[in-house]
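Scroll down for the structure; my scribbles are underneath it.
Chain nomenclature is as follows: A, B and C, assigned in order of appearance, with residue numbering initiated at 1 for each chain independently.
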Amino acid sequence: MTAIGTGYDLSNSVFSPDGRNFQVEYAMKAVENGGTSIGIKCKDGIVLAVEKIINSKLLVPGTNRRIQTIDRHVGVAYSGLLPDGRRLVNIGRDEAQNYKDNYKVPISVPFLVDTIGNYVQNYTCYNSVRPFGIVGIIGGVDDNGPHLYMIEPSGTFWGYTGAATGKGRQTAKSELEKLNYEELTVHEAIKIAAKIIHQAHEDNKDKDYELEITWISKEHTNGRHELVPESLMKEAIKYAQEEDEEDEDEEMES
Amino acid sequence: MEHNPFKWGRPDDAVYGAYNHQIAEAGVNSLFPKMNTQNPIITGTSVIGIKYKDGVILAADNMGSYGSLMRFSNVERLLTIGENTVVGVSGDISDAQQLARYLDSLELQENVYDNDGENQLKAVNVHEYLTKLLYHRRSQMNPLWNALIVGGFDEAGEPFMKSVDLLGVSFSSSTLATGFGAHLAVPLLRQVIPEDKKYVDVTEEQARKVIEDCMRVLFYRDARSMDKYSMVTIKKGQELKFEKDLVVKDQNWRFAQNIRGYGNAQQ
Amino acid sequence: MSRTTVASEYSAEIQSTPIEHRFNPYSDNGGTVLGIAGKDFAVLAGDTRHVTGYNINSRYEPRVFDVGDNIVMTANGFAADGKALIDRFKNQIKWYKFNNGGKKLEMQSAARYIQQLLYGKRFFPYYVSTLIAGLDEEGRGAVYSYDPVGSYEREQCRAGGAAASLIMPFLDNQVNFKNQFIPGTDGKEKRPFEYLSLQEVIELVKDAFNSAAERHIHVGDGLEILIVTKDGVRTEYSPLKRD
């Protein structure tokens, strides 16, 4: 980035002469160093997973949840400045609640993401604020089936079949590209998610991590965003590590 | 034709006086008094409930009355919140629907957001919340015009049932009923549970039967009731059973023929 | 123009009297309570019947509570206000401890604080007769009683609630020996005051409540007596007439 010293990177809401908002780009930097988050859209639901970096051995295992719920049918995984993510989730919750108060039915995922996108965009327009330092992967199941979106500090959001962000995003993306999303089921995706996070962790190897996976599926969770049950989780971790060993074996042979 | 009703004009000012715009802006910065609920509009009649050894049974019919007009006949007045708590609501239906929204939002905040599945709301918690809410509203002189019965389990997992009304007055008993039910159903329920603590001797079958009997008596004698009703059975270690569109059984209207002005009996 | 106003949209309402509020924020939930202070103990008793009008809502709804710090409390009359007052006071005891290094709230301080709570709602009062009982700093039994807006006084004994007027004269006679004279003095010499034992007091309370239950329809079902001594608070329950 060549903005340093030009002054165009010091304030939000100011374009550089070549049409960039450097504060937004710096916000992306905050994301690129965070733990990896991924989302997978399957034919029967959504799977979200994060690589939870263990900053201290004193943290209680299995607590300090990272993936949050916006409404019963919508979950979010995000990488970057975690408090910014929590703020974003609160905005989403207010919006979802307000929608339900007004229209009785749960908010549709595209509409929710659109609202959040507008909100995030607003934080790129004023010099009194800074953009959100996160990329959020928002997944949900509504009347139109599963939806998966990824939203960036600029307020941009795109729909995805497989989404990844954070430090290990490149590794994760190349793995996600191999999947057949037409046929993929949530059960398969849970294992794959575990494996991808495991592989993506290679990019962040100096720190320990804990795996967190949630899912949303009409058939299996009654359309609710829930933590994946322990049995499936064990199976997934086992699968991720088996694959790992195989890879190593292959490497040894070759 | 002009489709905007506001352009149809209003009754003659000479007859009725000019429209006072402060009425519409009543409340803040207005000389006209703010108007709060002074009476219920669409109402639901009694809710009844009984504790038994393994849980609680609640029932309420599906009528929504507009004064003496039977306006709606498919109103659901039993609200579930969480896994095993049910709130039966009588009184104003619009306020009941507002309560339903409050309860849904409570469930979302306490059971869904950032919750690992532990610390689920219990009936005691829901009851305390509603009591605080209704008392707060009565203290604002803007009541939610309802009487409620909350059924479920307490912190120790034992059957729990407690009521609260529009004033924020709450009380618990093994047999509870709101409205007409307090007169007609409670005596029948207390025949099954004479002493409050003795609910542990009552079986689900006994409890269910007396609730059915009460719903029949209420249908006979409460003019604002109907014979279609819902019933929930909340039982330890089981998913709650929600039965809808039940019909009052064993109706016998032979007594009616002897009532002067109703049946064949003449002056 | 008529003085009564309805919320009509078509007249000059603004000049008329305010709209009549049909909503009455108060009700009476019956029940009666009684506190007696002894030499080194105090009791606070209440029946367990909860009513509205002629309906018995519950035959067992406790109305006397242990609020902590060896103090027992009741607020009898409009039950929702009673609950609100007691909940608020319990919460204040908690905060008193947070703010004062866990210091015990003494009876006289508790008594004054409750006055503040009651008077704070002087113009929308808690419709209750409030009593607290406990031990003072010298370990003697203490009972404080209040009117709905916080006027208070320490007394030897006090009855409150539905049957207060039935019980109070009985207490005057049996606890403070009012209108009692030493035999043989021809009504000249008053019987001097002396403390009753705990056993005597409990019997007195039971007699008072049995009599009140006999005559007053809002009293009955059960009697709960909370006894405060230096060893803490204990509860005794006995049945009352249920008719």
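Rule of thumb we're sticking to: contacts are C-beta pairs under 8 Å (C-beta built on N, C-alpha and C of every residue); 3 or more make two chains touch, one makes a residue touch a chain.
None of the values given here were measured: they were computed from a predicted structure.
Asks: Counting C-beta pairs in contact, which comes out ahead: B-C or A-B?
Replies: B-C
Asks: Work out the mean Cα position per chain and let me know which chain is farthest from chain C.
Replies: A
Asks: Taking each chain's centre as its mean C-alpha position, how far apart are chain A and chain C in Å?
Replies: So the centre of chain A lies 59 Å away from the centre of chain C.
Asks: Measuring from the mean C-alpha position of chain A to the mean C-alpha position of chain B, what distance in angstrom results?
Replies: Between these chains, centre-to-centre, one finds 43 Å.
Asks: What whole-Å value do you get for the distance between chain B and chain C if each is reduced to the mean of its CA atoms?
Replies: Centre separation, chain B to chain C: 32 Å.
Asks: Of all residues in chain C, which are in touch with two or more distinct other chains?
Replies: Within chain C, no residue contacts more than one other chain.
Asks: Enumerate the contact residues on chain A facing chain B in the complex.
Replies: Interface residues on chain A, with respect to chain B: 63, 65, 68-69, 71-72, 93, 97, 100-101, 227.
Asks: Which part of chain C faces chain B closely enough to touch in the complex?
Replies: Per the touch definition, chain C meets chain B at residues 7, 9-14, 18-19, 21-23, 25-27, 29, 50, 52, 55, 57-61, 78-80, 83-84, 124.
Asks: Inside the complex, what are the residues of chain B that reach chain C?
Replies: So the residues of chain B touching chain C come out as 10-11, 16-20, 22-23, 31-33, 35-39, 131, 135, 138-139, 141, 143, 163, 167-173, 182-183, 186, 196.
Asks: Help me check something: in the complex, which residues belonging to chain B touch chain A?
Replies: 101, 104-105, 108, 112-114, 116-117
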